[in-house]
Structures are given as structure tokens and as C-alpha cells.
């Protein structure tokens, strides 16, 4: 970052979003008892839930009128409408073949937003997802 | 409180606990569409979840060795083991005939702790329960 | 609160809202220097601003379908549209004859919401307003 | 509070202060082992420490120029200079004959501030002291 | 960072500061209506305000007595005295030819601190500025 | 990070832990007055304390059953049991020859965890340690 603040990608903008969702950590080819041994109370059969927080990092382009408003719309359309007030295992197509752990939720949202912003003046950097206020996963050192 | 700090019930001790749970807001005699009209996204059929926070208020007795350690045990035994990593509608007996709204969760925990501390040197005051960091319900003005 | 959780007004529901606003603390019949002596940097002539947080406390009625959705609409219509992204001295009619201090902001919002909820199933209790995360004013011991 | 916002004591102003201090929970007439049995790791002989937070509640008088500046000075002079960056058992006179528990710290600060504000236009209401972000003690339902 | 903790620049020290300020987002060659279309409520003519938070990242030198005290003085002198309790558009020279957006505020403070610490034993790394608790901008991946 | 989310080290998992401890900042070959001049109130002879927060960053391996449970055990065994409810200068061997400043605490914990995880499926990345909610030190740009 030695050239900062002179080069255009110097600044990262970060915005936070919330969603409330249920999930269950369990391997489908194991019994409830086996899953309990592996995942503990996170394998409770009827699921449990969290208030997730999502932080999105982008670089803004040079247009002074480009603002975070567009980011809000992209995140709402491509992430929140699928995740908020949903059961991540049962209501979304993303966790059929992998666990809805906080790491995998972060990877999934990263892929969704990378694609959504591929044709946008916003340059996508990465995400951080909190499952609780003590546990999070990030996909970039800038978020 | 004019007599404070001289009378013994002057001080309220408050301690916070967390639990992660799923719930669904829906009236059982209504259709999914009717529940959607009433409760919005909170009626999503497979449920959703929250990181709940529970604050418990007690008065300590005069024994200098009486400490919050006992409170932790009571809250773990009488509340958290029933609520943490559970689906409140499906895994607990408390919300058969009323909604697992944050108000009713607070009332339920209040009743559980009032009974649990009836034979304890700790004098129970009330609780506050947060469903998100913006929404909570309390059962006493002291918590 | 001894009868809690049995009597209907046992539970207080609290919800938080944000607004960003400018204000200036100054007595109109004083010079800038006199106001500086009284109010310090809060009297800066072009104003300064805060992210205010508003907590509203209500009692819910007995209708199980009555939900906080209505509260959101009332607060948006009667408070936020007047306060959010405004200059409190210049853009609102509320601080013509009194300082837009955090105490007076709390009193003003209390009066607005008390009137707005006078014909509502929600029973208004009071408000708390934060000017910074270290300074707030409340109009009820229940909020 | 039915008369609020009309009567003069309707509004409570709250301000937060921090201090970092050490303490040890132990009864002087017990051995280290006995204290360990009673107080657990809080009895560690060389002490341990916390970032304490202090919230002070006052009512402001009718003078529009009366501001929180005065409160800051009172709290600094009568509390923080004795408590901040100190060992509560060894550096202050307040915990010779009682434990520096969070409840007793709250009672001590309540007494100090009640006396300090007895001749002040600020009307003292009470305090809340946090030992951690999960454990606190309050001396009034308004703080 | 594989060599950490052995090489001298392994550790980044971060300290947070607050300032309360007003700003307005608007292009001077546009009408109020055009600015409203571009910037929404952020273009309100009399401005609005925020509690900004500033996080500064530095590397400390090898002198064990070098402490954050010096950083406080630098930030106070070179940033806070210009920004705190000010209207960023009207009271500072920094936003004559660019918007006082959170990205530009971060870039401006980065440049001020980079120059201020050029002759200091503290090695400046970068800053992060929050406009609200959900929106921030950073000038280094280490802050 | 352009290859993310495809390469295996894309995701960083972060978990937070707390410990309460005392410390004193002073050079042993200086007088109390000299240390006061250098370190201010942080040199108070009987020490003072903080609620420290520790954030640990790791990469998880490819085993879907590998979970943060193991991280908790490692941090408890190798860090918290030595630091929590201790006097860092007097009760630990780590600060004999260097100051228990937040930078050195971070470096010490980094070294302890790097060694502890050298034979673990968890790949250690770095730590961040907060001394107060405004002051922290990190050993990696990813934490």
C-alpha cells in the first residue's frame, strides 16, 4: 500500500447487512448420534438459528456519483432475499452438498456477489460473515 | 431509591447469557398465506433463527461469599439447556399454545427463573431478552 | 412488578431506530463568543452532527397478531421522516424555542409518539435517545 | 411517569465513563485455598483486572446552560482519579472492610457521587457499573 | 506473514478516535433536485451529521518507551482539531473540490497522518473511518 | 485473492476469547518516578487491569468434520489458562524481559499458538489482542 493514497484502488468501502436464519450442521450419511459426536449441539435435528452479519467490501470507481446505494440493491437481490428468515439447509439450494458452516456461507456469498458485480462499476473485494459476535469467516484480508 | 445505598435491596446485579435458537411465528389454525399476511417473513414455514441474549437481574443477599456463580448454574439448568441450539416451537414444551415471540420468550423465562430461585438466597428481579440487537422485551424496569 | 408475569402490562417491548442529523447548541440572544463559553465546541456556528439512536418502549396488547410492524410505521411517520438526515435547528419546527440537546430531543420525541399512539393498540411507555454511545437521555425508567 | 413529558424531572441524562483497575476477591481471614473454594479464579493472589464502565444518571435542572460538562468534572474528581489505573484493594481506602465486587464498587461510587452532587444543580439518580460486558450492578432502576 | 513474530514490523497497533461532524453530499454545479436524484437524503441542503470513528494503524519502533501517547497527540493536532464538531464542507479546506464521502474522508485523513508521521518513530500504516456502525472505508488491509 | 473462492486457503475463520488480567508497564531499572514520566498512569506500582479480548485467525483444512471445537481447546490450554485472572508481570513467565504491552502480549500469544498448532490440521494465521475497546494489536492483516 506504499503508493496510497495516490493509486485508485487505495480505498476499500465496507458495508454491513444482517440476516436471521436457521441451519443444521450434519452429514447426511451419518446417524443423529454420529452427527452429535462430530458437531455437538450444532447437529440438533430440528435446527437452530443465528443473527448473521454480512460485511461486503468493494472498491468504488472514479464516478463521484457512484454510491453505496447500488451495493444495497445488489446485496438485497443476490443474497438477502435468499438467506434472510430462511432455513439455510431446507430453503436454499446452496447447501445440498456442503455444510452450512460459517466458512461455507462466506464462500457461497462470495461467489454470488463476485458474479453479481462482474458487470458493475463496483469492484468486488470479498466478504466477512459473523455467525455470532465471536465467530466469523472472511474471504479477503481487506474485510 | 432515596434510601440507597443504605437498604439491602439497593443493588441489582445483572448478568448476560446467550442462546442460539430457531423459531416460527404462525397461528396454527391459519394457512401459510394468512400467517404470511399477519407475520410477514417471520412466518416462513421452515423457521428462521436468532442469537438471543438473556439478561437476568437479581438481588444478592448479605452473605459476602454469595456470588454470581450460583446464578450461572441456575440459568444453565433451568433455561439454557432447554433453549440453546433448539427449535423453540418444536423442541420445547413452552410454545404449544402461544407464539415464540420475544415478549413470550421473556415471560416464559421469567416464570422459569422465578420458580427456580424461589428457594435460593438470590432474589429474582426479572429478565430482558434480545431477539436482535435492536429488539428486546423486559419484565422489570430494573433490567 | 410483583405480579409479573401474570398481569397484562408485565412485558415492555423495546425497539431501536437510527437517525443521522446536525444540530447546534447556542442561545439565540447571545454572541458566538458567549455561546462558546457556555456550550464549548457544541456551539460551532455551522453546526456538527451525530448518529442518534432512538429506543422506543411500548406495551403490546392482547391480540397475538399485534406486532412491532405497526410500531415501525408509527416511528417512521411521526419521527424519522422529520429527524433523519436533517438539521434539527433549521429543518424542524421543534427547536425554535429550546436547545436541540439530547434531553430536549428525547422530550420532543416522547410527546410526538405519545400523541401518535393515543389511538393505537400499542401502549406507549417512553423513549431513550443516544447522542453518542456514551451520552443518552430517557423519559421512563423502563427504556 | 404518566405526567411525562410535562413535569421537570421527566428526563434522565446518562453518561458513561471508563476506568481500568485491578482487584482481588478474597476474605482476609481465610487462606488462599479457602478463598479459591469460595471465589474461584477471582481470588488469584496477585489480583487480576478489568476495564470497568461507569454509567451515571442525573436529572438536569431548568437552566438551559447547565450541561454535562459539570458532570464530567465531578466524576473525574470524585471517582476516576481514585479508581482509574489503580489496584482497588491496595490503592483505595474503600475496600478495606468489604470485597471489591462489582456490587460493592457500585455502592461505593453511588455514595461518593451522592455526596459530591449534594450541593450541585445536577440531581443525582444512581449509577451502573460493568465489570465485563456481561456483568454489571446498578443502584437505580433508571440507569 | 510467515516470518512473524520474528521480523520487526510484525505487529500493527490500532487505536480508535471519535469525532462528531456535519456534512452534505452534493455536486456544486447541480441543482438541489439533481443532487437529490443522485445522493438521496444525503443531499439535504442544510446538511446532516454523524458520529465518525477513526481507527489509526501504526507500527511501533524498537524503543520500549515509545507508546501510544505520541499517537494521541499527533491525531489530535493533525486531524481531530480540524474535524471534530465541525461542518466538513464549510469549516475545513479539504472538501472544496471533492465530496465529503466516507471514502474521501478516509483518503484525506490518510494523507494528513502520512505527512504528520513522516518524521516520527511511529511508522504510519493506514486508517479506517466509520460514518455509521455499518459503513466504513479503509486505506490499508491492516486496519 | 483473485482466485478466491477456488483455492483452499481462501477462507479465514476467526474466533474471539476473553481474559481478565492485571499488568504494569515499567522498566525494572528505572525508579517509579522515571517510569511515571515514561508510561504515565500505566506505571502505577500495584498494577491495574483490563478485560482483554483475543481474536484468533486460522484456516480450516478440507475435512468437513474439522470444527472450531478444537480451536477452543488449544486456546484454552495454551493461552487462557496462563493469562486469565492473572497478573501478567507476576504470574506468567512471558514478561520477565519485556513489557506486558498490548503489542508484546499479541506477539507472545502468536508464538504460543504458532507452536501449539504446528502439528494440527488447523493452519494458524495470527492474532489480534484488544486491551480496551479502542486499543488493539494484530500480528496479521487477516485478523
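Labels A, B, C, D, E and F are assigned to the chains in the order they are written; within every chain, residues are numbered from 1.
Everything below uses one rule, namely that contacts are C-beta pairs under 8 Å (C-beta built on N, C-alpha and C of every residue); 3 or more make two chains touch, one makes a residue touch a chain.
All of these numbers come straight from a predicted model, not from anything done at the bench.
Chains that touch both chain E and chain F: A. Look at the contact of chain A with chain E and you find different residues on each copy: under half of the numbers used there are shared. Chain C and chain F have Cα centroids separated by 41 Å. Annotation: 29 Å between the Cα-based centres of chain A and chain B. Counting only residues that touch two or more partner chains, chain D has 42, 133, 140-141. Pairs of chains that satisfy the touch definition comprise A-B, A-E, A-F, B-C, B-D, C-D, C-E, D-F, E-F. Across the complex, chain B is touched by residues 27, 38-40, 42, 98-99, 101-103, 106-107, 110-111, 114, 125-126, 133-141 of chain D.
If you check the complex, the residues on chain B that touch chain D are 1, 4-5, 10-17, 60, 64-65, 67-69, 141-142. Within the complex, the chain D residues that touch chain F are 18, 20-23, 41-42, 44, 46-51, 84-87, 90-91, 132-133.
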